[in-house]
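Both of the next two complexes hold subunit A, though its partner changes from subunit B to subunit C.
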Partner chain A sequence: MSTNEIIFEDVSKFYGEVLGVNKVTLHIPPGITSLVGPNGSGKTTLMNLMTGLILPDRGSISVLGLSPRDPEHLMRITGYATQFDSAPRWATGLEFVSTGLTLYGYSAAEVRERAWRALELVGLTDAADRKVAAYSKGMRQRARLAQAIAHDPQVLVLDEPLNGLDPLVRADTIALFRHYAAQGRHVLLSSHVLQEVDLISDQVILIANGMIVAEGEIRDVRDEISDRPSQFILRCRDASRIASLLFNEDHVTEIRMNDDHLGLLVMTRNREEFSRALTRIAVAGYVIDGVIPADENVDALYEYLIGGGRA
Partner chain B sequence: MAVYRLGYQRYQGPLTTHWQRLLVLPRYAWRRLFQQRLVLILLVASLIWPLLCGGYIYVSHRLDLLGSLPGNLKDAVEIGGKFFLVFMDVQAVFSVLLAALAGPGLIAPDLANNALPLYFSRPLTRFDYVAARMATLVGLLSLITWIPGVVLFWMQAGMAGWSWFAVNWYLGAGIFFGFALWILVVSLVALACSAYVKWRIVAGGLVLGFFFILTGVAQMVNAVLRVGWGSLLNPARSHYILWSAMLGVDLPPGPGVWPCVIVLTVTALALALVLERKLRAVEVIS
Partner chain C sequence: MTQARIRQAWAIARVELRRAFFSRRGLWVYLLALLPCVMFLGHGIEIRIREKHWMQNGLTPAQVVDSMAQGETVDAVLRRAPNPVNDRNWQERREDPDDRQDKDRDKDKGKDKTPAPKPDEMRALTYFDGHRIAYLHFTNGVLDRKHVNLSRNLEDDRRAFAGIFQVFYLRLAIFFGCLGIFMNLFRGEMLDKTLHFWFLAPVRREVLLAGKYLAGIVAAAVIFGGGALLAYGAMLWPHSGVDAQMFLQTAGWSHAFWYTTAAVLGCLGYGSVFLAAGLLLRNPIIPAAVILVWESINGFLPAVLQQMSVLYYLQSLCPETAPIDENSALARLLFAPAASASKGLAILGLLAVTALVLWAASRAVRRIEINYGAE
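Let's turn to the complex of A and B:
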């Protein structure tokens, strides 16, 4: 059993007759992994399964070699922030984080230090002595994040962690996730904001109707989708001429010209052939300022693989 | 695939023991409970009867004060099983009231606020959580049950002398184990009601109802069917019968000791099952 991966082996979970997730097999390496899928697709179920809050009906789960049935060991290395506002009404931000830490068995001094450090990381020190019940939505979100990171976990599981955060705090939080990932930790999060997922994720897991639709690095997942032509945006000076040259290529299925005649949207069934064609065009003396993949992002993957309503 | 510099180091410092960690929850709960005026008033009221009993024991050993009493009254003040049975019976009522006041606030708010995932995202099992919640009630109820009971027993033993203790030592054991069993059942009832109903006031009512309504139902069954086993439906009565046996007092009419043991065991298991079913980190509504 790998001690550096989160592993799901043929995991199924049913809520009575309702499907939670079905036959999920995943190997999640360190880094930032985003769970993407429509409402009710099974994202939270996956998170609850890996933190042992629910147990699978079938299959096995291992988090860095530990079983979710063993919270005593698992939860020492795992931090989980659910999407619920569950802080007690009597607790201040500092008390909320400290109380959780005492359950890990740290000394009082260690608890104080860690709680304060966690609040610092999420930018809540100014409000540390105010009741959580009086916090704004974004502050409560940060308090939830603080209690999840206070014990310095190796695996961070976060359900919609960026909801309700203002742009500055959002940027700081993403930087924190990146810092965690750079240390070889796992940051697993679900998000409804696909552009954000695109920006921060090392890998994505697309889930729909309780089944894994795709997993891996965004580029690799896109490469696997062969029935959809790849889209590229070309910035070039002689767009009409380049378009006519590209039309002679068999693999090019569609070309749209920008209104300013300085760019093209090209759809191709063969990325390698397209790359070679561009080289030929450039060698022939045409100036191509830039080539940008237009559908190597979660938004496009979501559209191709899940379609319909967004998460 | 990104390449990561594995710079993360796990905490290697000292940690408190498992049981010390579990006591964190009762500690917080007690602090909040003792901030409630009603709990304090009831707690103080619950200690009046033990004080009176203590006074009674003291007076019973002041033979100079008793000298003027008629013979049958002297017999009546004898400190023995019957005396401690009455003491336990009265304290049992107070303990139900206290459990009805303190118990519902232990689990119901956690369920109502969806806070269980917060607890179970710590190194804490469901069993640990229930044990910690139960410890809150056990600690609170101990203050008004076996602790004053055992103090009274030692007070009597101290005043009556070694010969009394040698003959009546089982009374001390009976008080401790009798109350321990009672606290277990009362705590389970309070926790199960708290887990079953998210609204604290209703949960408190349910705790009282469990004991007082079942008392009425048991009496009705006995009266209507002209039987004695109806008392088995009343957990308080079952305990009374058990305590009578433990304290060497004549058993009251009705079912014997073993049927009471079986009924109480089944009751405790059923309540534990309710907790097992209701205390899930994620509530499943299908």
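Let's turn to the complex of A and C:
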């Protein structure tokens, strides 16, 4: 069993008669992985399963080679910021983070140092001595994040970590996730904000009705969706002429012209042929300022694979 | 590794102590623990106020109180003891059964010519000699009944304490107190949606259970062991220094020790039961009712089954038998003591039952899942 991956092997979980997740098989490599799916699709269930908060009815789970049934070892390398507040009413931010750290066997000085460093990373040092109960929603979110990262885990699991954060803190938090991922660690998060998922994710897992719809790097997932033409935005000076040239290509299914006549939205069934066609057009002397894939993002994948209302 | 786990359990216990002692849901536990103390304090205060009132009316020498005999007239008594602490007069009409029959016969014939009997003149005098209270009852001026009691009777109070301790404190106060404290340790955190904090720590579930149980035990032992000692002190408080000292030097300290031990061991036993129940069941009422019935009918169970009850061992530790009204079938059913075991055996038995229940709880805690939506 790989010791550098999070592995779900044919995992099913039912809550009584209600399906949680069904026959999930996943191999999650290091980096930032986003779980995307509508409410009740099974995102939190997957996170709870891999951290041992709930147990699978079928299948097995391994987190870097450790079983979720072994919290003593698993939670030394894993930090999980759940959606629920777990701070006692009496605890200040510093006490909340420190309390968890005392169970790792650190000395009192190290507990304080680590707690303070974690609060620093999430920008909560000013409020460290205030009670968590008096924190705003965003501050409580950051306190949970601080508690999850305080022991410097290899695997960071975050349920809706960007909820309630103001834009500045959001950017800092995303930078923190990137920093973790750059060190070869796992950051697994769920988010409703698809644009952000798009920006920060190395890979996505799309889940609906307890089943994995797609997984992998966003572009690979997009490539696998063969029944939907790929969309590209072209910025060019002679849009009408380029559009007529592209219409001669068999793989192009639709072209829409921008109102300013300086851009096109092209839909093609074959990305490689499209690329070659663009090269030919450019060689023929037409100026193409830029080509941007319009549907290589989580938003489009979500629309194609899951459809309906957003997560 | 073992030392690290012990440190973890202690760290958990330290955090949980705050919840166990100061949980808003559990403040009523203090009322239960302190109720016997309040009762005995109230009793002591009442005795002191009553004696003060009697003394204001004047003391009657003990020899005079002893000399009063049946057949004496009220005037003779008042001549020797002119300062009763209480003097009450009333009339009482008593009918002879023969007179009653005559009256009924006359009534049937439509005439009622039997004159009403003359009422008896009743009088009650109460005297206080500083230690004893004497109740004298006169009918038509003649002393016909005399009762002399100690105003502060340590024997009576000890029996009352034994009764309250075994019937109320062990069976109800500690039982429901432990229900409040120990069910709250896991179930309370489920309701507060905070249990995942512990489940996400690098701690074996069994260590978590041990830490929480330790916190519960410390809290329950302080609250109920302390409550028992306070009640015992309150029971002794109104008695004269000499009586209390004599009792303490003979059996008093030993009794205090065993009552406190029984209270603490009760917390140990019931605590384990309710901790396990909190892991297995959502609704505390069901296990509480089942265990209460089981413990209540314990005295009627076969010997083997009696040993599966916490109360069986606790009663064996109590230094005095609770006074039970033998004429009341309900009292006998509910409060009859089980066959007693020796104290050593009782402690070992209770520890064995506790260990067995905790073992079952440690199996259950491994299977617990966080599912706040279902709470």
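What we mean here is this: the second predicted complex is superposed on the first by the 311 of 311 C-alpha atoms of A that agree within 3 Å, B and C clash if a C-alpha of one lies under 4 Å from a C-alpha of the other, contacts with A are read in each partner's own complex, and residues count from 1 in each chain.
Operating definition for what follows: a contact is a pair of C-beta atoms (placed from the backbone, for glycine too) under 8 Å apart; a residue touches a chain by one contact, two chains touch by 3 or more.
What you are looking at is a predicted structure, and each value in this text was computed from that prediction instead of being measured.
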| item | value |
| --- | --- |
| When subunit B and subunit C are modelled together on subunit A, clash or fit | clash |
| Contacts of A:E217 with subunit B and subunit C, given as first, second, both or neither | first |
| Larger contact residue set on subunit A - subunit B or subunit C | B |
| First, second, both or neither for A:P29, with subunit B first and subunit C second | first |
| Contacts of A:G42 with subunit B and subunit C, given as first, second, both or neither | neither |
| Partner chain in contact with A:G263 - subunit B first, subunit C second, else both or neither | neither |
| Which of subunit B and subunit C A:P68 touches, first, second, both or neither | neither |
| Partner chain in contact with A:S86 - subunit B first, subunit C second, else both or neither | both |
| Partner chain(s) touched by A:L55 [first = subunit B, second = subunit C, both, neither] | second |
| Touching partner for A:G184 - first (subunit B), second (subunit C), both, neither | first |
| Region of subunit C that runs into subunit B when the structures are aligned on their shared chain, from 38-46, 128-136 or 290-298 | 290-298 |
| Intersection of the subunit A residues that touch subunit B with those that touch subunit C | 15, 48, 51-54, 71-76, 78, 80, 82, 84-88, 90, 99-100, 102-105 |
| Complex interface listing, subunit A residues touching subunit B | 15-18, 29-31, 48, 51-54, 71-80, 82, 84-88, 90, 99-100, 102-107, 110, 147-148, 151-152, 154, 181-185, 202, 217 |
| Subunit B residues touching subunit A - in the complex, by the definition given at the top | 1-2, 4-8, 10-11, 13-18, 20-21, 24-25, 28, 32, 109, 113-115, 117-125, 280-282, 284, 286 |
| Contact footprint of subunit C on subunit A as seen in their complex | 15, 48, 51-55, 69, 71-76, 78, 80, 82, 84-88, 90, 99-100, 102-105 |
| Subunit A-touching residues of subunit C, taken from the complex the two chains share | 4, 7-8, 11-12, 15, 18-19, 193-194, 196-197, 199-205, 207, 366-367, 369-374 |
